[in-house]
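Each chain carries a letter (A, B, C and D) given by its place in the written order, and its residues are counted from 1.
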């Protein structure tokens, strides 16, 4: 790193890239980047060029001399990288449309990180990320892998468990969102509060204390369910049951709505699905993305446009660039990340990935031991983590029995014939991206 | 016990009592009973007299001189008891009708040991059983408590956890049923096979080996899903997904249908619920019971009538009387019981009650260490056990937040507004039997 | 096994063999043996012939037609075996003499299963047993391996952990001895008591209840330390501190004397070591063995001679033959064995071998879940089991750092320069049997 | 704390107090102290006045207006305290002399935190600290308790376990010493390295990485055992076995010499014990203390004298004042502290106190999850922690059986008659400070 940092972003053609650039530009003083490589695949070539050109414009408008390389050759890019970030989407948004619409056509929640959608995103993504890890072992064995690709928890776990690669941190903007939104509810700023998160990606809780050591979680809960702040834009605005949340004295993450208010979330998604004017989230995002790429083509645009925040990934750059800068500059920043448990959440095995409050520095994430959860949350967490392990193993082995187990244990999928039909239909629909299931898919197609 | 054994049966007015008597008569040689006390409450007085008289006739027709005492005074009965069996039902079958019909009226599974029904049965039963334990500490501190009252797992766990009473064994006929039905599927008799069960009540799995040590679980699975034997009469006849079950290489219990084939079970129950000719299970049982008590009134009937087996509790006497005889005569019989884990199922805390293969002898149950379960089953088991712990705590404290958590975490209840409505309606409906929730119920009624 | 059972005994030239024969003859009705193969190595050929001829005489004097084969060809013997028992001693008694005398020459306990002696016996034995397991995988993949070779706990653990062979049971006569000796102390017979053992080989405790379920452990403890019965002949007769043992309310095994009365045990061993008339245990045993083989040569001796019981292994045949018969005839006998934990002792990892009460039947050992130990015993057990794991890894890898760690953590070896000197001297002394340490030994010899 | 911080130091008459004052003065900007209360007992009155007057002189020589109050009335001092530090010594140095000399007179290690000495220090201290906690609950329920009193791990554990007081942090200067001494060995400064500690007080290990994430533990180990730096002055200078330490790839703390080089440590201590010119550590310290108090009487001395560093507690003020300032100013400093495990060391129960790397801020210590230890260190740690639990329970209950268990399990005490004699003699010698053992002591005295 003597001559500055080399960053590689796989899935660099994403509409998020300008947000990432903004984050790096803002932190250049502590993270002196030399070059950025944006990598994408043939199908994403056009987007890559659009957003990549825009990214170079952003750097050119900055005081810093950073070269943005665009390539379809992943191995060329990875050579001697210092940090590799992954934000690719196997099958692009069209795959997500299927993840959402096929389950919903059967009345089952379709969503990209939970339920059938999340399971299939894992099936498509895990084999690819393990390939990236193999390349990294060869081409940049000292690099850090910063993963944003969803389902970020399972992907990160699989990188460690099956890829045997420990220098990885999984990221999500949900915790950042909570910490941005909540303090003002009780008339505080973030630096007047101490946050402690524990759980797994998109399934964590947090407690908050003030600087006198008083637990103010209950106070925030009270305020939350009048104003319901702190929820990422892409989750519908349904409050939690106040009696439940007060009893647990922890603040669930936004995605807990799927588990704690299943009925309302399903109904809301079915409404959008059935309304041709709205469509599922992926369809909405496709529209937003088209608009964004329209904007990015403007040769005068050299800053992150306001509209990007509608995309739902607000604060991603905060999480990502801050993590990278904290490693590079050994800052010991408190960031909530997916990392190896090591006991931080004693209700889960020490070798599994959890999403917890951690201090990020030169040696990566140092997770803070949270202690045991109360029974209700412990039970939820254990079933969800074990579901993840089943999904990962199915993704790696292509075993249909495991895929079926994953569908059956997933709390958002009512088990039975319909669930199996959704599984089978998704297997066929995503055939191109699921070589590990080829044999079973052929059997299903023949039937 | 010098002059023979004193047995006390709480809920003695149950239609099951003749089955119990038959079991004791059959085992008199190894379990020399002196007297049997059938205890019931004022509301069950008539049934108690009918079935109690019939019970005495059964003994009179036997070669043994055993006196059957009938009483409404529990404390009189408990004095110096050797074994206390509990088969009472708080609120009688009418309460079960509500447990079933109120949820189903909202499209949610109603059932007496799973879902809302099981939760409310626990709410009604646990305070009563803890009262019985207090009486036993005073009146028969050396007695064994043999519990059949459902939900047997939670009730047994609460007896140990909150009642601080360790001499208890929880029983269920489901494992007996499996061991009676399965061997012939592969051309064997039970004594040519070795069964290993692990899990919790109504949520366990088993593996089977032959006498050469070969695992024959897969062989039975193959046969099971052509003939689907080994299922208790009161669970609908839906097969498991063969791909799922073969992958796990364990045989689920019949109640797993609710979890693995939720859709079909729900639909089936709604059909019965909506068909005035059939009705829910409790309604069917009420009919069967009326017929049974009709029969029991026949002064010439001095043996267990054939019709009792339709009642659904077949093999209860095998489980119950064999357990008592095994303790009394230190037989070290293999019986599947609810008992303190102590590590037998290492995926659950050592101090929780599990349902496992055990050897039953003079010191009670000696559970066999089963080892860890594979991820899918581990996740299921952990969420279910933690749900039980939440239910128990709610039953003891009357905390509404915990009751709501129990409903939300229960995999058979889709969380959301409807779930909460069912909870509230059941609280009001069972008001008489839920003094611990009195304050909340008053609040709900006022609203 | 259609034509009767084939038994193979590795180390068949041992003086114990007649005890084994007696055990098999006694149990012929339930364990119909066809042939017995006694295997030994070139150095043990003469003994093998002597004791093998005597063994055949014992069968010839019985009503049963069993052929005893003698061979130096292990693979010939293993072909199609049903049960393989291992009682070999790498380096014969001369190696044990060194295990004992070298440490004692430095004032450190020398003993064949504890301290330096036990560690070196493991170093010599584990590679050999893993070779036997490899042969078994090829030649008798369905056979059971019944291991008596000490240190039986580590050897059994290594067979499972490194040999990946699960059909193994480790045996020891210490628990049998306790159950033979203790009941009469409180005026009972063994079948009037229920024993529960937990721990690891030569480091376990037990509790005892009577048939009314009362804990009589304390009563036995009281009697034990007036008469001090139940101790195997080869452990010196030093009582435990009554205050300590009453507080733990468990009965330690005889070998606990080394840990609970270190000072006295060491002094006693030094006395014997320093007295040329007595000598260490191995020297005494050599004398006894010489006398035994003298006897065995008598062509008229066709029964186990009385003198064998002095050898210290009394009840070995009870443990061994009863285990084999219980597997063969699916007897579900309570036997204390070394077997995979699976949670039975929740204070140790589920995948480690423990020595616990188990029911032995067609599928092997079904360990009884014992529950957690109180802190003092938990700490002892955890340090001892982890020491075993270090010893096993050192035995398999030949890593000197691990060997040194094993010496340092072993509670019977005062750490420091002398300990290291004993380690180094033993490595050199046993050079012939420690090929895995060859490099380090060469380095030591060169120094 | 609106008008500045109130600090209370129990055992304020200690010779360490000037070091503490220096630490506070240095950090006044971030920790604006209003008043300091030094509390001691009647027997320490004279020292309290000497050192207290000197403390006031130090503040008077500073730019800050802080009042030092001296009192024998603990409750007066505790009223509305913000931070309470404990550095008292029950029985003063004379008790420590007995802790050291009585065991050594029998050839057993005497030492104030390990072996018999540490056990008796716990016996004397734990009841007193629990009394302080009771006062704090009443008089300053929001205060933090910062404990330096040894054995700091057991005392901190007892405060949480038996005192039910969670706002406590236990401190030791050993980790600070290591972090001060080691970096320069490999040509680094402390801020170029990342330290991770795990274990329990006086029994922990650490790993070190550089800012590129490379593990440099082995490099430090290599250097350590040429120069052997980083060892507190009060532990003799015996190197570890390099083969052992390289294999573990963790750096043991200085106190590990007692466990890894027992022989040499014992011999060294016996030498000092037997040499009237030297004497045991307590005797040396008494001499140093006398000299220090001589100095403190000098009315011109208003700064910490150089000689204090010889006292052995160097860096205590760094640990203590930095901890308090980090809590007060929410600094999130990395400090190694004794705190509730919560899973940070998954090999120990989550509810026990461990000594680990933690970030210290407004809510106290946030321990970093370290992950499982390798078998040898895991075994050592488990036996030591369980020994601590036994000692604590004995300290609270006065149970002689537990005290004996503690002596027997302690790895520094050879078990047997001599150990028991030392236990008994120490009980009698410390009679005045051990009311919980009064009955047993009377029995011993009568014998």
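Just so it is clear, contacts are C-beta pairs under 8 Å (C-beta built on N, C-alpha and C of every residue); 3 or more make two chains touch, one makes a residue touch a chain.
Source: prediction; values computed, not measured.
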- Among B-C, A-D or C-D, whose interface repeats A-B's (more than half the contact pairs identical)? C-D
- Query: How many angstrom between the C-alpha centroids of subunit D and subunit C?
  - Reply: 44
- Inter-chain centre distance, subunit A versus subunit C - centres from mean C-alpha coordinates, in Å: 55
- Would you give the residues of subunit D that are in contact with at least 2 other chains, written as numbers and ranges? none
- Assign the assembly's chain-to-chain touch graph to one of these shapes: line, ring, star, complete, other. ring
- Interface with subunit C, subunit B side, in the complex: residues 142, 167, 191, 194, 196, 209-213, 330, 332, 334, 340-346, 350, 357, 359, 361-364, 366-372
- Note on the structure: Contacts from subunit C onto subunit D in the complex sit at residues 241, 243-244, 246-248, 259-266, 375-376, 378-380, 382-387, 389-390, 393, 399-402, 404-406, 408-409, 411, 414-420
